[in-house]
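The data blocks that follow each hold one structure.
You will see subunit A twice below: alongside subunit B first, and alongside subunit C after that.
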Partner chain A sequence: MRYWVTVYRANLKIAIAQMLQYRFGILIWAVWGFVGPLISLAVWTSASVARGGGSIGAAGSGSYSRADFAAYFLTFMIVGHLTMSWDAFEFAFRVRDGNLSPKLLRPLHPIHSDVTFNIAFKLTTCVMILPAWVLLFVVLHPTPPHSLFSFLCGIPAVVMAGLIRYILQYSLAVIAFWTTRVEAINQLYFTLDAFLAGRIAPLSLLPGWMGLMAMYLPFRSMGAFPVELLLGRVPAEQILPGFIMQIAWLGAAVCVFRIMWRAGIKQYSAVGA
Partner chain B sequence: MEPQILVENLRKVYRVHERESGAKASITSLFHRKYREVQAVESVSFNIEAGEVVGFLGPNGAGKTTSLKMLAGLLHPTAGVATVLGHTPWKRDPDFLRNISLVMGNRNQLMWDIPAMDSFEVNRAIYDIPEAQFRETLDELISLLELEPLLKKPVRGLSLGERMKCELAAALLHRPKVLFLDEPTLGVDVTMQGRIRHFVAEQNRRHGATVLLTSHYMADVTALCKRIIVIHHGKILYDGQLSSLSDRIAPYKSVMLDMETDEAAIQAEAYGEVIERKGAKITLRIKREKTSEVVARLLSDLPVQDMTVEDPPIEDVIEQVFQQAKEAT
Partner chain C sequence: MRYMRLLVVFFKTSLQTDMEYRVDFFTRILASLLGLLTTLGGLSVVFTYTSNIHGWKLADMVVLLSIYYLMDGIIEMFIGPNMRQIMEQVRQGTLDFVLLKPISAQFLATTRQINIWRMANVLIGIGLSIFSVNRLSLSIGPVQAVAFAVTMAASVGIVYSFWLFLVTLTFWVVRIDNLEQIVAQAFEAGRYPIDIYPSWLRGGLTYVIPVVFMITVPARALAGRADGPQVLTSIIIAACAVTLSSWFWRFGLKNYTGASA
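On to the complex of A and B.
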């Protein structure tokens, strides 16, 4: 345990130092993550206003008023930011130009230093985007969370969502050992994620077949579930199954990653390095 | 005692995608991809004992770096076995990785945007180096490599030679038992090359580190290695003492003569194979076993002002090894 604390602390220190070298660049990335939910919010707010401010969707926990949309997408901004992962791009680049080699020579799996960079990004950008978020919160008057219990349950759900997303993204990144180019696969993943994680619209507003897909794929566990849980929109009887689903997806992601890593590392040709 | 590095019939074949140039070939390759197998290392076997410094020589594409990468655990071989410090390298056991280092002249492990000292601190954590040992090793490295003024500058602001010194320090902070050096003096100036050589020799002397070194600079090899392994087209051509290479491959001596007259130099041409003649100066290649006899005759027959007898330069000997291999294939 002492070893891991020391390793993560040392890596985090230099990761933050590196992030601060490129303050402007990372701010743009953070804004990029912020803009998506903001556009969705604008679209759905217009739709709600067009209906005279009324709710959209089936009655009950599936319907959204203008304030509900504001709460949903503002929460998604934070959850999306906290669970953000972009490793496939970087990893493929490293495989392609051989920069993965120095990382493979260390007695520590490269995923650990990447995790610390991910955490460093979130810590440094939080300081930048939090004031903007507070401003939006004040202006938009979102519906507050319905239940404290549900909100508290939402916190571990966000952590789980971050873990599933990170490991799934890393598994996609590992495909670079075979193809060296993973951008297309990654783009497909992001497109599916936009719809099925609930970034474009709350899942209850999607067509039936899409909602069904979202239920049986990992995307809901990585987005809509923790967001709805924080807001108290998940019915009590669905909270436990939601967590079980998250645990199952995390287990599956870890297994897939381990199998792919073991097979992929044998393919690594350490080009140019 | 088992050798520290043991290699048996190590082989690496790369599968390379191939296509002709042009748009038509691009479209064809979408549907019908052609692959070619490239044999980087054909079948290599050798042992290295603890504390040896061995030069791994060969022309570009000979398979040196591929062999080194397999031994450092970066590449999985196509066939063969290898153990380094009792571990199979490509299983990448953390215990193995904690005790080796691979320094590549064209690749760096230091983080670009931050001072080298910060990267050293990360290595301390990753290799779990006790604080006291870390300070002691760092002080030693700072003094040997004259690192003090470089430690606080961002790595991107360092010159190539300065960066190489920091890379070496980063690779040695955990005191590896086995050190793989792939072109460690690549692109650095002569003074810096000398310092790096001195440093590697010191590491071997002080800590008994086993070193396997590849370099295109023969000066690196002659300064550091008693033993060399010559590899060409993925096969070992020579494995033995550097000093015996000349005897085996080039059993000649170079005799440099400074004659009193140009005519005398012309007459001297009859005593051996002429390598070069400029006026009254002539260099002859003479068979090793006949050297004393020919030299005695030269001194008695001709007006010799000055004479030097030397082994042929090692570069020429190595070149001859490759030439012989080329002719044999």
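On to the complex of A and C.
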């Protein structure tokens, strides 16, 4: 344990220093996180206005008014930022240009330095874009969370979502050992994620078959579930099953990653060697 | 005439280079189609709850989307690769070799390569626009065809000038890949009609980064909705943009002293 604390602290120091060196660059990257949710919000707000400002969706916990949409997509924006990972691109690039090889020679799995980089990016950018988030909440008047208990439950759910997403992304990245390119596979992941994690629309507004798919795939655990939990939209009896799903998907993701990594590393012979 | 011959040579050499990376084409087209599926799917979900958004029907939105893909393809095929290479060469100091050639530096620097496989998005854009025009059962008369051709040309001119302007800035500030990201973010917003955005953002997308004239106006022209003043405005803006950016480029070159000189 002491060992890991030392390792992570040292890595984090390096990562934060690097982030601060390119502070403007990473800020611009962080702004990408605003684009998607705000476009979705604009589309749904317009749809709500076109229907005379009424709520959309079946009555009850599945319906959304203009303020509910604002709450949903703004929360999604923050959760999306806190749980994002971009390792598939980065990793494939490293496999292609051979930069992975020196990292494999270190007595530490390369995932650890990448994790610290991810954390450092979020720490530094959160500080920078916090004012923008606050401003958006002030301007858009979202519905406040329904219950404090649910909101507090939402915090560990966000952490879990981040872990599942990170390890799944890293498993996708490992495919680069075989293909050296992951753009198409990654795009497939983004497409599924856009619908089934609730990025494009709240899950209750999707057609039935898609909602059903969302229940049986990991995407809901990485997006809509923590977001709805924070807002107090998950019915009390579904909170525990939601967490169990998250734990199950995290376990599955870790297994998939370990198997793929072991197979991939055998297959890898360094590009250009 | 000499310039036309050079363009043909540039095209041939680009083709030869890109033929080595054929798989790239299929990856690109697959990725683009999935991206398209995401947007179309999202739109069809929204349109199960409403029949129009600020006067835009689903079919109009698809016309807009087709122009978005077409423009994105044109940018990534012809404009982007050249402009990025200029930035890179300014940083490394190799732009000097371009300036030494006995032809217009702007012509050589901004037309010398074509990324053939980025044609994927151009093809998707064309396919989608034919599909959506059929779906709308629009009869495209000569007036509409001319309006569309003119606004498309103006759009390409505006995008080209905008990039040239940004690239010229590198003579002073060296790194602008961050600015490129901001433009990309604004362009992404052009996937949807700008009427859905709040007024300050509409202003920005019209006057600061003129996404409206890059995407919305050609789309309206294709759907037969653009009026005379709109077409005229986009021609005037394009003409001004091309002249100004070309002047700015020459002004920049005069101040350019090379990377290590």
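Everything that follows uses one rule, which is that the second predicted complex is superposed on the first by the 271 of 273 C-alpha atoms of A that agree within 3 Å, B and C clash if a C-alpha of one lies under 4 Å from a C-alpha of the other, contacts with A are read in each partner's own complex, and residues count from 1 in each chain.
The rule we apply is simple: a residue touches a chain if its C-beta (ideal position, glycine included) is under 8 Å from a C-beta of that chain, and two chains touch if they have at least 3 such contacts.
The model shown is predicted, which means the values in this text are computed figures rather than measured ones.
**Student:** Looking at the overlay, does A:P207 come into contact with subunit B only (first), subunit C only (second), both, or neither?
**Tutor:** In the superposed model, A:P207 contacts subunit C only, not subunit B.
**Student:** By the touch definition at the top of the document, which applies to A:R51: first (subunit B), second (subunit C), both, or neither?
**Tutor:** A:R51 contacts subunit C only, not subunit B.
**Student:** Given the touch rule stated above, what does A:N11 touch, subunit B (first), subunit C (second), both, or neither?
**Tutor:** A:N11: touches subunit B, not subunit C.
**Student:** Does the superposition put A:Q21 against subunit B (first), subunit C (second), both, or neither?
**Tutor:** first
**Student:** If we overlay the two complexes on their shared chain A, which of subunit B and subunit C does A:A30 touch? Say first, second, both or neither.
**Tutor:** So A:A30 meets neither subunit B nor subunit C here.
**Student:** Give one of first, second, both or neither to describe whether A:R181 is in contact with subunit B, with subunit C, with both, or with none.
**Tutor:** In the superposition, A:R181 touches subunit C alone.
**Student:** Which positions of subunit A sit in both the subunit B and the subunit C interface?
**Tutor:** In the superposed arrangement, which is not itself an observed complex, subunit A uses no residue for both subunit B and subunit C.
**Student:** Spell out the residues on subunit B that touch subunit A in their complex, using ranges where they run on.
**Tutor:** 14, 69, 72-76, 90, 92, 94-95, 97-98, 100-102, 104, 106-109, 111, 113-114, 118-119, 121-128
**Student:** Give every residue of subunit C touching subunit A within the complex, in rising order.
**Tutor:** Within the complex, subunit C contacts subunit A at residues 27-28, 30-31, 34-35, 37-38, 41-42, 45-46, 48-54, 177-178, 181-182, 185, 188-189, 191-192, 195-198.
**Student:** Could you please specify the touching residues of subunit A with respect to subunit B in the complex?
**Tutor:** My answer: residues 3, 6-7, 9-11, 13-14, 17-18, 21-22, 98-99, 101-108, 265-266, 268-270, 272-273.
**Student:** Under the definition above, what is the set of subunit A residues touching subunit C in their complex?
**Tutor:** 24-25, 28-29, 31-32, 35, 39-40, 42-47, 49-51, 56-57, 181, 183-184, 187-188, 190-191, 194-195, 200-201, 205-207
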